[in-house]
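Can you read through this structure? Questions will come right after.
Chain nomenclature is as follows: A, B, C, D and E, assigned in order of appearance, with residue numbering initiated at 1 for each chain independently.
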């Protein structure tokens, strides 16, 4: 019986998810034994034509990481959807839009202007910007289109499972691959991580007082962080209470507050709004101006609460940004 | 006995817009809250000499009896001491209403030829328009000439004393350049009201 | 649909104070714009910021939260929690391009029926000036971009959505 | 998207929608037929009809029949405010055979037809609200009203006529009553009155029997010179802390013989006698008034030399054969459990110093009405002989109505009783002194039974009634007759001219206003108060003696100015309302409490400190939060804050509210 | 301490003594008073009856001048003070007044945003001076002088930002701190008849008579006022009133600033004492306040700047 085919592909991503697969260390050999790789651009030289040559559903499972920003990424996502039985949104970018999703706060022009003109380190006297077509003596070079909106994978194609995390940690990756290969699949649409928040397994939970109250939110780079005491109790914005566990509390063990990369629990409709509600409710301040003073420690609520999930939030994008035109 | 005049008022005696005109003036908008409690008449120092007490003036004004209101001497005896406005339990601007009625009376000329108070007001107005300031002595002279020449002669003794103590000067008080003020005072639309 | 021109306000009223005040406004036959849709909650502290975002996402042009005056809360301090959430939510919405007039928090006690009338009329006027938010239509337009087959279709829908 | 909404099991949802005409109240402004027609097209809707009076028997029967006939398992009624008839329609739903909480109300009258002027828009709004309700109601679960036992005892705060009447009515039904009064004696303001209008029967004759009945009543625990310090708990289960101020007298031993008062070092009173409103002095050890209940003396720590650290031979101690005086007594705190509270804290009179033009405090012969009550009563400081402060017996007296009332500078409201007690005082003063009495009024308000007749009687007695609000009282004479007199300048608005009336004595009929500490009292009992500061009843017509807080009732002038007949009637009503609570023995609590789902709770402790009722604790073994349903009041604060969405509030679940939002806005 | 100073028309003629004494007292207390450049008449009680909207423009122009020099404006004459204070309040309270004033002033090249405050000498001497500043300057306390302080209407009505509307005490307080004894003057806030004493004397003069009679009844030596119109009515018509009420004895009527000046030992000439119709100097000399030994004119102090127009 031919070995099942596995595919990896990356869209608007930083490559961290690709590395996390290799992080399983020697176990990669065990996987290599069991499967064939149909496509893995970062590691193997597969071309798009090779994938198109396969019949539909030839690939047992494809893990796509990275958000969808360009037309090419949309095409590849649709192509791999057709070609795969199981499509997994791998990592925060594919799962909830990830860090690239934060660009939904800026218009396409603003992004272009900054990257190709205003950025202090860019030297671009001619002011060239990427064009979708370029003619040079009869020859035409094309580039994919740079869309206005960053979207998560499931906003473009139908997704079977989600592997949360920025990037997902090796233990969960291995567990996922083994369950996939075992053929006993969880219900469609499941998030392949425990449906319980970090505090459940956080080593510092006992240092968290019963009469929890935050006087004012503090920035981690301005204060000394006590390595033993619950970070939220110290006044740092730790989003552990509102984020799925399964990551092994690696940030907290690194003495930094959780930033919510594993995404919301299943009962939550909008991760950012829920985090905001939880974190502000426990403030000690009662009057309006005291509350505002205590919240000065959260200068950028969108950045803090939608760090990995702006595209899948209810508002999705800064509402007054222009869209729908060709460059 | 004087010849019988009808005292009854028909609705046609009412001026329908009169109340609204007064109500539109700043300070006069709360007229309708009046419960006719008569505190204003009680506190008004001049009410013992008034043909219509302030309370009746408010009642007649809000019902539009323009002629009755403007013919009475009440509005002229009001020295704008504001006691009624301060004591009114319903915070009605009674003194502001009296001022509004005075300007209505001057506008419609509803007063006797020789009646001193409106004449003083118009003389005052004219002098401010001309010089931007008022010269008291000249104002008093012009007033008495126009209304009660005999009384002016009687004031002679007082006049002498004032002159001796330097409190009566014939100098015309005038602004350096009343131009700016004159333009300011003409800027507002007079909406047809006579400003004589 | 006459509905289009009128802004739509989703109002979360606390049962003990603002909802009762709105009833009082009704009993006193006060008149105000028919633009508000009231969702009753037991306390303004029950209003989850997710409800506010959901209201905007599902097409509301404005959200009004009504609660008891500080010190009057039937549950002692529910309104204080509401105020804490509101202060940061207001800032976050501003960062997401939603004008401040679209989310309003008002403390209205059970005897202030006229306040309900004034606030709703004021908010209706503000929202008429700002124009409709139309978030559902914008979302559709944002996703249309992905369907490559008919680019001009994408443009048409986008235009229509925004300038409707 | 990826969140799974918990479907409500597989049971098919069959909704019945009923929109009410409410006569023309709704139908006049909302096209109810069109709404019913539209709703019939919505999913899960089996029955959709409009009816003229849904809350009538026939309307309710309609629901019952339709449930049976069409096997309905959800009911939506679009009519008036749920605060009014939610209970009615839930009972009807239950009579139809399904759980009452499968019924949901939509408010299209108070929030709809009554407040909108555009029929089309009001109808659109009704359709949108209907669609929201239809969406929401499918998630409703079967719930049971929780029953909590009720402590069969009541607390009555305030020992005036209102508190006395309420306490007696309750105690006579066998219930235990704690009556707490701030002053050393009960009786309140009424004890200070001589006669009462309109029948002129003597206040003491009708009050003192009730006071002694209270003292003797086996079911009433009477705590005077005491104040409520704190109250915790909820309807049926209030824990109350009462501070019993030290009397420095042993209540068991003292028999009120007043020997100690006679022997006190102060031969003459050294402080103002509060009971006689300052007209006379009293000693540091005193009995408020002869018929005081309880019949005990009390030592005033402020006035007593010994208690102020001075040295005094304490002749009072020697004088008391029963050694009842005990200077070491300290305040004690009593803890009691009660099921209901009746707040009857009464009123205070307006301080006429706030109207300086009336000259109270500047001219000696200007009195307040309460002072005159004490002057004319036989057991008053002057034994009923009306003598002014400057010694003269008044021959002409002016009574000024509406002092402080109907006045935007001070109190905007009419205090309702001043016209009547002014007439009563006019009668008594005329009777005692034969003086000529002038009443200066704005409007004579004599609405009660026998009140107009009393007014007629006063007129026939020759009292002058001058319609005009007194602006100013002065002692500066303008004409000879005004020498040495107080002149009242007023416009006799019926005659149409201003008059100056010289009088010997002026009585200021001061209005009624809330106590200075009414805000603190209101916060303690968690009730709200109107803009003026009077406590707010739940509904002026439908629930005039209860408050928005279950188990707390109002009686007497603390709810608004009223005369004694109304106060006694209201006290009886408050007692009856409290009785229904105490007698049923249990109270049905709304099931809208919150519940933690241990599967999703990460034990993150966010919710624990948010609950003002300390209803949430953490089970450290399992590492999850647990809500005590008895303490939970169902505010939902923890639900909105729970970062995992692990807490749900019955009747206000997240999925229900999200669905309502989506459907209301999906309409158009 | 520096203020803009609005004299008003009366202080340049019948009320010159008020201006002289006020400026003398301010100089002695080192309070800077810069007369508003090219001020205009406030409109008093007359202008308002003719043209209500423009009366506010007229009054507020002076406030615009004060705003231009960035100082609060001090208005000694109670009449002018009442008009300016009321215009300022109605400017803030009524949009119709605000629009009229803004358009009117703009046409005249002026602008007023409501920053300049309207103050009165009684206010700044009672509240702005350091506590013992006035008392320390007293050389001749007014011992034995019984004063009836008369406030009149416009100082305390319809707006009364610095004193109690029903029982004003600032003038009493100031004169008490310079040694005078006060009488309980019940009519301190009653009207003096205003312009009626001139236009309708049979209605106006009885008002003055009541005030004078009450002062005599309380055995006051002098009535102190803060308004040139009240001073004129009470002092100059005493002869007319005496025709109808022969029992009326002469009663000196002065400005409170004159009394303060006397207590500070300033030159009577600078205080305009010589401008009295009913003389005050004999009374003061009799009380030993204007001392016998320096009854002769003292060596002239440096010519008093300003004030003398």
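The working rule: contacts are C-beta pairs under 8 Å (C-beta built on N, C-alpha and C of every residue); 3 or more make two chains touch, one makes a residue touch a chain.
What you see is a predicted model; the values in this text were computed from it and never measured.
J.: Supply the minimal count of touching-chain steps required to go from subunit B to subunit C.
T.: Minimal hop count between subunit B and subunit C: 2.
J.: What is the touch distance from subunit C to subunit D, in steps?
T.: Minimal hop count between subunit C and subunit D: 1.
J.: Which chains lie in contact with each of subunit A and subunit E?
T.: D
J.: When all chain pairs are ranked by how many C-beta pairs they have in contact, which pair ranks first?
T.: The chain pair with the largest number of C-beta contacts is B-E.
J.: Going by average Cα coordinates, which chain is farthest removed from subunit D?
T.: Measuring from the centre of subunit D, the most distant chain centre belongs to A.
J.: Find the chain most remote from subunit C, comparing centres computed as mean CA coordinates.
T.: E
J.: Can you work out the whole-Å distance between the CA centroids of subunit A and subunit C?
T.: Centre-to-centre distance between subunit A and subunit C: 31 Å.
J.: List the centre-to-centre spacing of subunit A and subunit B in whole Å, with centres computed as mean CA coordinates.
T.: 80
J.: In whole angstrom, what separates the CA-based centres of subunit C and subunit E?
T.: 57
J.: Please report how many Å separate the Cα centroid of subunit B from that of subunit E, as a whole number.
T.: Roughly 24 Å, centre to centre.
J.: If you look at subunit E, which of its residues touch at least two other chains?
T.: Not one residue in subunit E touches at least two other chains.
J.: Two or more other chains in contact with one residue: find those residues in subunit C.
T.: 48-50, 54, 77, 81, 85
J.: Among all residues of subunit D, which ones touch two or more of the remaining chains?
T.: Within subunit D, the residues that touch at least two other chains are 357, 610, 637, 640-641, 654, 658.
J.: Which chain pairs here would you call touching?
T.: Here the touching pairs of chains are A-C, A-D, B-D, B-E, C-D, D-E.
J.: Where on subunit B does subunit D make contact in their complex?
T.: Subunit B residues touching subunit D: 35-44, 47-48, 53, 55-56, 87, 89-91.
J.: Across the complex, what residues on subunit E touch subunit D?
T.: That would be residues 166-167, 186-187, 210, 214, 217 of subunit E.
J.: State the interface residues of subunit A toward subunit D in the complex, per the touch definition above.
T.: Subunit A residues touching subunit D: 154, 162, 189, 191, 195-200, 205, 208-213, 240-242, 245, 264-269, 274-275, 277-278, 281-282, 312.
J.: Show which residues of subunit D lie in contact with subunit C when the two form their complex.
T.: My answer: residues 81-84, 107, 109-112, 114-118, 120-122, 124-125, 128-129, 132, 523, 526, 528, 530-531, 536, 548-549, 592, 610, 612-613, 633-637, 639-641, 649, 652, 654, 657-658, 660-662, 664-668.
J.: Quick check on the complex: what are the subunit E residues that touch subunit B?
T.: 9-10, 12-17, 38-41, 43-54, 57-58, 61, 82, 90, 93-94, 96-97, 100, 103-110, 153-154, 157-158, 165, 190-191, 193-196, 198-201, 203-204, 207, 236, 239, 274-277
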